[in-house]
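Got some structures for you, see below.
One chain, chain A, links the two complexes that follow: it is found with chain B in the first and with chain C in the second.
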Partner chain A sequence: MINNTKTIIQLASEGKRLDNRGLLDYRQPIKIETSISKSAEGSAKVTIGDTVVLAGVKMSLEKPYSDSPNEGGIMVNAELIPLSSSEYEPGPPGIKAVELARVTDRGIRESHAIDFKKLCIEKGEKAWFVIIDIVPLNDAGNLFDAAGLAALAALKETRLRPIDEKTGAVDYKGTTDTPLPLLKETLSVTVGKVGNHLMVDPTVEEESSFSARLTVATDKTGTISALQKGGDEPMTIEEVGQIVDIALDKAKFLRSIMDECFKNKK
Partner chain B sequence: MSEILVENKTVVIPGEILAKGMDYLPGENTYREGEQIFSKSVGLTSISGRVIKVTSLSGPYKPKDGDKIICKVFDITLSGWRLKTNTAYNAMLNVKDATRRFVRKDEDLTKIIDVNDYIVAKVIRVTSQKLIDLSMNDPDLFKINGGRIIKINSQKVPRVIGKQGSMVSMIKKFTNCDITVGQNGLIFVRKRDNGNECLAEKAIKLVEKEAHIGGLTERVETFLKSETNQ
Partner chain C sequence: MAYEKRLDGRKINETRPMEAKAGVIPNADGSAFFKIGATAAYAAVYGPKEMVPRFLQDPKEGQIRCHYNMLPFSGSGERIRPGNKRRSQEISMVLKAALKPVVDLTDFPNSVVDIHVEFPQTDAGSRCAAVCAASIALADAGIPMKDMISSIAVGQVDGTVVADLNYNEEAYDAIVSDIPVAMTNNSKQITLLQMDGEISKEDLMTSLEMAKEVCEEIYIVQKNALKDKYKLPEGFVAKKPKTNVEKSNDKVTEEKSKPETESSNEKSKEDKEKQ
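== the complex of A and B ==
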């Protein structure tokens, strides 16, 4: 219920934030921890300031969809549990959880980040489906970017399970070294508009003061794969241009943290 | 035979037996069942003479007559405003309790206080059904403009205020901010010239985090001194 909109707008006009950050600064620390779950095929925990998000990847053998018989698929599910914020209640996913799942899903799906054809085992019969679960442990704002980072880190970490040759079933106790066929690394950056100012990595209070926001998913080459606009107010073409520039720049920054994390791991 | 089963200043949980026998009396946040005294909430025990009470460490704010609280308007009715109080219950502010000037029957109430505005108000009535009535008829009650509102655990409010307001006046002095502490866990901070709202917020969060550890005032003072280079 806390909302300091007037102060946030006033501070933004001076280029400041409630917590003394600049408008285009991410909170610190940004941490990516991988392999945190034993039972998942890939998992990651991402911390941005006080926001903590878990992502887990499970692989399952399913029958491909009839319109793409030689491709696997992806499903993203997000659950906003009451543990993460007093705003959330138990029960079926609300509009916020659905949006979080769909924005994360779209970034990965529309950039063709995963080579779905390579996931097919038997045309029209059997293919790997990637199931990504996103669970925030603490919602202190900017779940979109944290979920995007966590999903990508978990996908990079994913190793396929062996398939039992006799029964054709997945051996969930076994492990292989086969990674997911990842073609691109898509990350999303959310930029919010408050007054006439743009800012990244909002806290919960800042999020509630946004009149509009735009989530931009880009890959390493800077190609935009998905956009999601939220909030009541419109944006001008110039603002969208600025937001894309900011998003590209910030995606580079987040990517460098991701690369650092995986380099240390090796 | 009566005996106390817990030591002074230990953490207890709801349902924990604090004492046996009729020689002891249940105080705040405790209750008697049969010959035993149980804790009602998570908190620290405090034994004084024959009375055992528990000081809550967590839990929601319970509205009380005379409390100064900070609330947010979410609805306007014919006769006043409805407000969120950071509890399970909403409060009502009547037009006659909001302002001293005459308000015409057809006047636009949003001109006085609008939806989403925050006010500092006093609880004047709480019914058994938890209907809360508020008043702004006091010089230190006002509509909030600018500054920032911080939310803390309402059980830590007494520590933020300190003995005779010592803690809050120390934070005010070092950060050059006006601070109004609402009993419901919302705190309003606004800087004066060259004030530092961020530092005040950090100090308040520090008090909230370490409220249960002794020597709090000294630690907060050291923190404020080191941050302001004094």
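== the complex of A and C ==
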């Protein structure tokens, strides 16, 4: 792919972008659709401009880890499927997919967004484990933010399956009204550095022009729960401060879209 | 007891509700979404592009590659572990065989067309949905095709021949057979045929005839999806192309003596009327 890195840097110094957006504007439309998969316990499809990401939640009953016998758990997996971009090839997840999964995972896990103790059914024996699978349908950049939104929307929509009393196994055909014990709603915002300028919601082309990026996961109160710096170039402490400010502001914006989506649903 | 009334109340030759859309994945050269009942498929076509590694290239014609995959949360039971399984490998193979007869890549030697099909949710009949979605995506990508392919599963549930079995019918506690069929639309030839279960020759023939009829309905859904993509927006009025009528009129007033301009003026007027 041809990259107009020089043009992107020059435009950024004038506060402009290739698609006429401001440096701190998200693409439009931003859409969150839930219940896109009836097979999943919770699912969502998030659209940011041309980027489309699906997230699906499956619940399973497992033996808790020995260091936390009275807690359930979470696992996030991302697959960059070749359907979504000509850049991806079939096969086991590469480093890009692993990073996407782990950053999304930490945002949810480390903020203690889910009350894992409430997921325990029998201490040391049986607990609910939440498995979130993230797949882009069309990768047009900024998978981090789209994946964060999709994962949160899918978690909010998740309803537990009943447990068969005789066998103790999950009855995947049944449904209940029990939602996940969600304590917080964590969202991530990725800010990239182009030349000496900061930019949100990059396209694929802009992403590859980033000298550095920082993903910031925050909750409603503004508490930061996960950070991930990427890119080859360093970042100053001042820049980190600026980025966190931008991320808090943009998280508020994304949160309002999320709230709107779930308000309409009710 | 014979299977007289279908579990979900459909007529014996009635499919589950269908929905199709072309051009859903902007990155792809062609793409489609096809939904039948609770089975939903996304298909994307990338290519023709150079086949690498090069020893796989065919200098006579381009090739197609298919990749069928169920997303981890798309199963009706536990989460499906990602990765290549024998089942998806085999379905990828029959999917390729189902589409190959209509795809004409003789103009694209040494190239390959990749077809990826992914499922966010499934409820039986996924390979048929894959064929339907892939066929729309190929046409959307502008790949030369001799015909469209439509596909449906037919079969026998406790002695009754039905179309488009859902999961509950496949799992019905009696003698059941499930026959996925794919057919070309114009020539009505079979490009995919599999079957498991038990069936008599008579019922097999009835099933195939039923598949032929049902494929006709699916074809209309597929065709409409493609037409919808290229439909002009509502209230769209085509701009009249600028002809040189006005210009040549000026010329006529200026150079009345020249008969050539006159004739060209008339010609362009004729053209305009035709348009």
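Just so it is clear, the second predicted complex is superposed on the first by the 266 of 266 C-alpha atoms of A that agree within 3 Å, B and C clash if a C-alpha of one lies under 4 Å from a C-alpha of the other, contacts with A are read in each partner's own complex, and residues count from 1 in each chain.
Simple rule for what comes next: a contact is a pair of C-beta atoms (placed from the backbone, for glycine too) under 8 Å apart; a residue touches a chain by one contact, two chains touch by 3 or more.
This one's a predicted model, so the numbers in the text were calculated from it and none came from an experiment.
Three-chain overlay on chain A, with chain B and chain C in a clash.
By the touch criterion defined above, A:140 lies against chain C but remains apart from chain B after alignment on the C-alpha atoms of chain A. In the superposition on chain A, A:178 contacts neither chain B nor chain C.
Applying the stated contact rule after C-alpha superposition, one finds that A:58 touches chain C and leaves chain B untouched.
Of the two partner chains placed by the overlay, neither chain B nor chain C lies in contact with A:256.
In the overlay built on the shared chain, the residue A:223 is in contact with neither chain B nor chain C.
Touch criterion met: A:6 reaches chain B, while chain C stays clear of it.
Residue contacts after overlaying the shared chain place A:38 against chain C, while chain B stays out of touching range.
Comparing chain B with chain C, the partner in contact with more residues of chain A is C.
Among the candidate segments 1-9, 19-27 or 37-45, the part of chain B whose C-alpha atoms clash with chain C in the superposed model is 37-45. Overlap of the chain B and chain C interfaces on chain A: none, as no residue is touched by both.
Only residues 24-28, 38, 40, 42-44, 46, 49, 67, 69, 71-79, 82-84, 114, 116-118, 120-123 of chain C touch chain A when the two sit together in their complex. Every residue of chain A that touches chain B in the complex is listed here, in rising order: 1-7, 10, 18-20.
Against chain A, in their complex, chain B makes its touches with residues 72, 84, 86, 116, 145-151, 186, 197-198, 201. Against chain C, the residues of chain A that register as touching in their complex are 36-40, 43, 50, 52, 54, 56-58, 60, 77, 79, 81-86, 90, 92-93, 131, 133, 135, 137-140, 170, 172-173.
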